[in-house]
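One structure below.
Just so it is clear, A, B, C and D label the chains in written order, and each chain counts residues from 1 on its own.
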Amino acid sequence: MDPRARREKRPSLLDSRGRQPKRSQQGGHMEKPIGRTRWAIAEGYIPGRSNGPEPQMTSHETACLLNASDRDAQVAITVYFSDRDPAGPYRVTVPARRTRHVRFNDLTEPEPIPRDTDYASVIESDVPIVVQHTRLDSRQAENALISTIAYTDRE
Amino acid sequence: MDPRARREKRPSLLDSRGRQPKRSQQGGHMEKPIGRTRWAIAEGYIPGRSNGPEPQMTSHETACLLNASDRDAQVAITVYFSDRDPAGPYRVTVPARRTRHVRFNDLTEPEPIPRDTDYASVIESDVPIVVQHTRLDSRQAENALISTIAYTDRE
Amino acid sequence: MDPRARREKRPSLLDSRGRQPKRSQQGGHMEKPIGRTRWAIAEGYIPGRSNGPEPQMTSHETACLLNASDRDAQVAITVYFSDRDPAGPYRVTVPARRTRHVRFNDLTEPEPIPRDTDYASVIESDVPIVVQHTRLDSRQAENALISTIAYTDRE
Amino acid sequence: MDPRARREKRPSLLDSRGRQPKRSQQGGHMEKPIGRTRWAIAEGYIPGRSNGPEPQMTSHETACLLNASDRDAQVAITVYFSDRDPAGPYRVTVPARRTRHVRFNDLTEPEPIPRDTDYASVIESDVPIVVQHTRLDSRQAENALISTIAYTDRE
């Protein structure tokens, strides 16, 4: 069977992005956007020390947010600690069809997130988004990286 | 469309945390808390050697527990091995709206977890929690990190 | 109970792969292939610098695609940025019963992916596949690795 | 509310493991075991070179299998490549209430897995298990680690 022939059977799937971005931005048809509206990252820790050139090699913790939908996403991040009430919400906008890699280091309103402190976060959005968690740890001479798709309920 | 107008449509989502913590702690309305009550981490291994300053750079294995609910979580951890019966349950409390990053290194009751030994764990809670697994391996001069959201059934 | 006896109860499960690959390739019976048709990776970043021998130690970002089905998969990758419209679709074929580890570094049509730039991706296929995201970062003398199963809706 | 009182409401959850292992091994009641019967790891690559003491620091790729059920698990691993038919099935037994961390390096029957070669794997079991993927890469002087819970359909 010719693969090209098979692909033609589902043109809406493969043609729905990239080729006609203007149309969907103007309110045209759009399949359900990928993602969910509530996510959690149980691991959080911003190392207090760094090695290497700033700002790329600064130890940091990031929530990568992807909004593949046609509507801007209003996102609220709540930060949980081991020994005090939660901080936040921190408010972030991710425009339609954009990604935003939010460094927890840079969150200052309503309060900065302390270094060398265990925390966790819940990320809520008014449109479906996808959340991935990454940390660069450069406390020692060479950097270490972690990354995982965040947790979402799927009900 | 004005993003702010859109957000107003779902005030309960974005306002449910942070702004009125006292109310929900006192038994006010609360949407279903994020998470599940049973999790598994199939990978487990506490390196027997470390490099770097204690205790941050000690090789360790962590289960990061987030309890975003309004009730304290009673957590039981069972540890599985390759060649003997499981150990545990190890009992941990995660207070309401708190996170607790549990180092397997520190579990001693009913018995310490041996070093340089393959293990796995099942984590059960009486309220929904989110579990993420992290290891810092500092056996060599530079540290290595891993992290992944743990497995949960979603039925 | 004899483990072998128990296994005999579900011969279709354990015998469905490997033993009779020719049959299933010729259109024989096949249980539903593992995977989904739409995936997302919210984290994306190709470091601009590398250390170590080429090409294995070149800093790179990979989408590992597994097509365990009996049909070739036509895959379309759309890349999202923080400050411009999405790029793509990048088209990739993963033959039946094959894996393909796609380096984002190597995608050039319709346009190369810029280095040192935050991005994210959505991966769509006409048959179920499994997607895992990996990065090798060799900007410093020692390499760092991350990997996570990508996100998929499960509805 | 006294946390202890709350816990008493769900004694079966917290007491089901560890305290009475003999009973459940003898066929007593048991809630549904955690996990699924079919998993996939899309990323696979055994580095051909290593640094550091053998065997712990040998570059390796591991599938960590947790069988928290009361029955032995008969597991079949099929390995997929980019340019040839799949290899396997490789057969592994994980006894009841045990974990087994299987190094792909050690799989030899029906054939060894080549080094420096992209592959992927599907892991099938006759009882529910949990699968996590880990790699230690020691090609350079310091080791790098990755780990992620494998993919499973949840239908």
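The working rule: contacts are C-beta pairs under 8 Å (C-beta built on N, C-alpha and C of every residue); 3 or more make two chains touch, one makes a residue touch a chain.
Everything numeric in this text was worked out from a predicted model, so none of it was measured.
**Q** Going by the touch criterion stated earlier, list every chain that contacts chain B and also contacts chain C.
**A** Common neighbours, chain B/chain C: A, D.
**Q** After a C-alpha superposition of chain C on chain D, what does the rotation angle come to, in degrees rounded to the nearest 5?
**A** Value: 90 degrees, nearest 5.
**Q** Examine where the copies chain B and chain D touch and state whether the two sides share over half of their residue numbers (same) or under half (different).
**A** Under half of the interface numbering overlaps between copies: different.
**Q** State the chain with the largest centre-to-centre distance from chain D, centres being mean CA positions.
**A** Greatest centre separation from chain D goes to chain A.
**Q** I'd like to verify one number: the distance from the centre of chain A to the centre of chain C, where each centre is the average of its C-alpha atoms, in whole angstrom.
**A** 20
**Q** What residues in chain C touch two or more of the other chains?
**A** 141-142, 144-149, 154
**Q** Contact residues on chain B for chain D in the complex?
**A** Spelled out, the residues of chain B in touch with chain D are 37-38, 40-45, 71-72, 74, 76, 78, 80-83, 85-89, 93, 116, 118-120, 122, 124, 126, 133, 135, 137, 139-142, 144-151, 153-155.
**Q** Okay, in this complex, where on chain B does chain A touch?
**A** So the residues of chain B touching chain A come out as 1, 3-4, 6-7, 9-10, 13-14, 17-19, 21, 32, 34-36, 52, 56-57, 62, 64-66, 68, 97-101, 130-132, 134, 141-149, 154.
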